[in-house]
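Below are two complexes that have chain A in common, paired first with chain B and then with chain C.
Entry: the complex of A and B
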């Protein structure tokens, strides 16, 4: 067969064109940065040239040596590595146990208020990850490391110990709670579809409850547990805000904090080396996860829709258990918002007497006597409105771009299933998920702050924020695209093709309308993630193009806790309102995006 | 007129050969079934005709026009091949009503509204679904969905209708009904039908010709009754017919020009070439040459196996046979001669050089009213299935005397290829 003919018939299939384009574009936007990172770890930076006694830009092993084989390696790398691994693993366990138990109760028992509980349970994931960290501080901080006491001490008079207020424990708990919705969505998805007959069959054979749980239920949901583990682990490893809020007061260091220190400072090469090692760990977890889920693929056949799931009757404990869950979930999902509102209203932190309350931080026109910040109240603050506009603009752009590209990529991956190109694009599209946001943005900063190929310098532009957001959130959209296309038989489209419906019309009239809600879900998740993203933008934003989260970070650095709390409340409210509106109008939801 | 020609079509998926050098011609107005076990390449073949899949090499012609040729670099898009395709899962668009499902393709062709309406109404009544134009697919039963899918496929008046196991999702009763419906449609539309199925009964009852594939290789391409009565090899013999043909392996002891002496486990038998004709009539060639006529079906009932076939027929004798051969008898060609008398000696009644009957015991008896299927066990432990017409029943372990209808016993050589037909008697 002639080569031109082969090529022609290859590109006659739309999915192959998409795969090819996505492969080239993503290759440039993800693999090239990876390569630049690797190169930078082996190159002497301008600021290091003198110390190393070499010319800037020449090759050096110094960065790797300093991280791995130096007397300071313990503090710079190994200790933070252990801390990162410990908190990430603990967070995984917490989220899987909490989310898994909740999923079981929701799908398999006659718990009360299921609808309310289930939508409230998702809240922590919709909210910025540091929300819970801030709430933890508002509630439990102590004056041992300086500053004021939290609400808990103010009310009870009991001072919280340091291990409880700061460091590994709260980082794990807060991260675990933040990602528990992942576990709930994925494990719940399997439990909802799996036939409860499988468990009942064991009952009839006289299996004890515990044995049943260990031998039937857990193995059944094992693939979901492993997937959750992968997602939570990589997210937790690369999270920056939570450990810096909760770890810094007691100098509890994790890898991302080292990353920030080195990337923002004088030795980006060391930072990139750390980032590469982090990526390596994530890829390792991914590979392990794939091996396990592949060899256990037979379990997923269980997920065919079954007739009826018979619910476990909780009998007398029904009311109590429902109340306990409601209480727990309110504490995690709603209470933080209350503390933000509260903290944004008090003049002197730590003092909760009525006389200390004011609305000035929200609505004062200019610098009144009570405000020492010199900033107008939040709602009248032009910086806030500019950042809000910028955030919305950015999130909408990223959502549109990532959502569309991700959906097309998902479509093409499923249609081209089995080909090498499809496999390559599949991994490429997921790869940005494994890149620590901070390292990713640092490399974009160094790549695009100078002229690069046909692109002019992008530093300080809106475009670079949109670009990095799009690439970083594409995994969400491509996952949801793959999930929804897997459910759509290829014959649906072929039936159109054979009667002469063109590709564009097939997409707009058949594929998209049929999968409308998961299609929109592919946009929702990037939008929400972008609205609440900090670490990806913190290095790239200039004062001229701040977004809400970097403004929040700025307020936080300044120590204006009323502003940061108020702004946090605003971000959460915006995200929740958007999520609710989209959900009500289109039926899309983030659980469809994650793909339970 | 739409005549479909496949020339040396090969399709590989990586190292796996799905279709291996397939050449068949489907005449205008034929109703062809592509038959075979799952994974034999029949769906791939159908999809290649439609243009949904691209062959690795070979040529496809529809209506004299080359729609695919690897050598000439031609690959016509599915929509320009003038074919309709009926999917196994129906592939109805769930977000469109029945009316819209049928009309969508016509709208795409920019037909005027009134013409579309007329055509849709016509199809709704042709398929007897006039009551449901405003329903959504999910509000229809399986059979009704199937009818909508057919209507949608017929809407643009394709001259070739390709169907991929369209009835496999229906229950037994609906399947019977839809089979009759498809035969009626074939008659009324005059289109060429190509139909994929793994159900040999469906292939037998629907097709004017059966194209039987196994592992990507063409096994036989002939009218259903020819395939049934004169299977080219052991695979075809085993695959077509229900209950399946009795196939028993024997070792060749001795051969003569018109007979073969066989043995197994102490059991000895003699196969004799059918007497009336040493050579086989060449009504249709075994591999289904392109010239095979389209509608000989009515006469096919007469074409019973006679004498030698294929390779052996050219030589006209059985003396070349050796090694392990297979004897095949259709269950309806095993005759129950009577209940054996307990006093009789082991081995049956007519004892001379070759006795024509065999003593067996009833293993199971499955009467269904119209016919009874018997599973019998011989002294040597060979299982035989037998179909008796009529309402009869036997007790388990009852002893029966059976014989094979003369001229209806098939002999396959050591390669599994049909060598001859004739009679069998025992020593």
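Entry: the complex of A and C
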């Protein structure tokens, strides 16, 4: 009797129902793969059985031993681990400093061209990260890799040193720039919404500017900084393309290179062990992050009370600073797009004479004359249109599912804060983000190509792509949900509850409208991430559901630079158009932000 | 320990050969029981065919086939590992997927797809009569060539592969990262096979007049170590080809990449020349195997396609420099398949399957 009463009262709270459902579903979709992965680290796979002298499928400790306690462990694990930690941390610092400073200038000063700068700033995130690495190489490569010099050397005559052109430095910078929009979105979101009363109060009491920054502004945005650190760190840890483009010439190895080599080769068991250790490291960062956010319970910045942000007047430096930001952002955001467009128009790379330009790679029916093997121009290419339709369908589906689930999860986590269930869901909802995409999709492939519990075989279906995309990108939405709900004072909802408004109406009339822009933003980030995701889908796509990035990767592998550059440009344009349309119709946009 | 390993490997090799041989017989029997007309009508009745292949040109062959027989043909290009993963997943789950597969990475394809029964080769008596014996089991569809290719603005003075390991060639020889391409790794694995290690040892002596001093198990490992010390690793054959062939560079560069790239060298304004007749090899050659899947839902269409792929008509889209049909060779190549077989390291799937791991670990430590 007592138990039923307890259960009843437990499930009377809507947040508890949400927490319970999300916990069960996510547990199945994330913990089970994790368990499979663990089992795979202890199994002799077909390609390993022969050398281990055991039957395929039998148990072995060999993978762990090889990774951790072997004479080759240094090259397989420890050295790449150190390199991964160094570049990921550096990338975090770069993105937080660059994105954070930019966020402060946009939200708190009278900088010029704010709207333009703000929209341009997120471009690097829209582009697949490796295209930025390619842009870096085109700019700064030197004679070590042979061929023609990079643009910088061609113009200045100065040869770039190897440490600048390849290895840890460019990997950190490119990754940092790619994820700087995260920092901007997160930190900007808080700065935008938090009223500046506290800061003004400090001003009135005669605090110095630095003291105000250290004692008020930074503590206020601290949760956003930690969130950014967590997001960027685990993304950077599991990024493969950037380090492999920029690290290879100087043989700078990171963990993902070993992960791909082993998983893609003849020692998948070791691959899964590496993946598991990578997850473990990220979980460590996550735990640290949660300890901090949990110990500080109150970040409420949207109180429903009066508020307003008064802008810092930059005075004389306004013009100069605006110009500096514009220049920087044009270089990082627009210049690569310009090079993509340019490269898609020239016949022989490196030759910029007018006679070398053509529109054939966009609009010809059959390109047999132009070096490639009869691939039609991009705009007349049926493969492209099919892939485009699939990409859009997939990204919209994932965005809707991940966005809605994530927002609800975020709501429930904040409302149920302090309970064990909320904590569990909080970790679960974020967990997929820590899974390296390649290992995650390999597990999904083996799990869902056969009948699994209540799910039929999903192999080759659109559903499995949508499922993995939703699970993988839900963390964006749940983070966004958590951040915006933390800012929203519970009193607002309580006021509604007191006068007897039901949960559904409270949500649709109060919570969602107030946090509308962050609500919609929770959909945008999964959408964009899906549009430019490659490694998650490459194993699971069949010819019927090929997506744009697999096509892009294919062109890139083929070395058809005109097609890959053109397609890259198209992807960026599509995402920009979608973002712009959503912005015009709902007022939300990703640069307005998670939690904003 | 070492001796037991060797015994084990020999036993496995023998077992593998016997196993593969036994399968071949049954496959060819199955093929010869029906007439071509019966096969065509059975294939047409199935109406559809799904192919996984290693090359984009596969879709051209697919179009030709579709136009000729009116059978809807879907061709998917996949990377080596994705191919093996997917074919395995489909066969295990017995779901509709690929019917016919064209795959490279001989060691893995042999042990993980053919030995497991997920793929079976289909050889008719007619095919068996024309395909050289060593390419019958598993059935080889295509032989790809990667060779040492030099910038041709300066005369090519390298006649022995050991020259590329000299200090003068530091950072001047480009290789595709062997970690990201199985056939490149397989080439290294082959060099450690006693047959090739001995050839390398002799080549060293003939060049320098003294014996090679070993710091590794054999001359093959020694060569890999020395070559890797001089090499710059690249992402793709295309970028390596462009880096090597760009005109006006101060130093002569060389690369190990597919000779197919020479087709477009002139159009791209690149100066490239193959290092023919190098001692003891000018590069390597790897097979693309073909087989029908265990879970095939359109086995007759797959059989018909296999027959078609080996005809002159079906081979045409593939017939370019660097791709050799085991029957028809390559019409664009000035050198015959016979010449290449004598001058290139050819993959031995059984050796590779047995030794890939240890060589990969060795190479990994050099990167």
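The working rule: the second predicted complex is superposed on the first by the 442 of 596 C-alpha atoms of A that agree within 3 Å, B and C clash if a C-alpha of one lies under 4 Å from a C-alpha of the other, contacts with A are read in each partner's own complex, and residues count from 1 in each chain.
One rule holds for everything that comes next: a contact is a pair of C-beta atoms (placed from the backbone, for glycine too) under 8 Å apart; a residue touches a chain by one contact, two chains touch by 3 or more.
A quick note: this is a predicted structure, and the numbers were derived from the prediction, not measured.
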Residues of chain A touched, compared between chain B and chain C (which is higher): C
Contacts of A:491 with chain B and chain C, given as first, second, both or neither: first
Touching partner for A:243 - first (chain B), second (chain C), both, neither: neither
Touching partner for A:5 - first (chain B), second (chain C), both, neither: first
First (chain B), second (chain C), both or neither touched by A:499: first
Partner chain(s) touched by A:410 [first = chain B, second = chain C, both, neither]: neither
Chain B versus chain C as contact partner of A:75, first or second or both or neither: second
Contacts of A:261 with chain B and chain C, given as first, second, both or neither: second
Which of chain B and chain C A:53 touches, first, second, both or neither: second
Contact set on chain A toward chain C in their complex: 46-48, 50-51, 53, 72, 75-76, 143-148, 244-245, 248-249, 251, 253, 257-258, 260-261, 263-267, 348-351, 371, 373-374, 442, 445-446, 449-450, 457, 459-460, 538-539, 542-544, 554, 557-559
Complex contact set, residues of chain B against chain A: 13, 50-52, 54, 56-57, 70-71, 73, 75, 77-80, 83-85, 87-89, 91-95, 104-105, 108-109, 152, 155-156
Touch list for chain C against partner chain A, complex: 8, 12, 50, 56-57, 60, 74-77, 80-82, 85-86, 88-90, 92-93, 95-97, 108, 111-112, 116, 171, 174, 177, 179-180, 182, 185, 232-239, 241-244, 246, 249-250, 253, 264, 267-269, 353-354, 356-358, 360-361, 364-365, 367
List of chain A residues in touch with chain B within their complex: 1-2, 4-5, 8-9, 12, 418, 489, 491-492, 494-501, 505, 509-510, 513-514
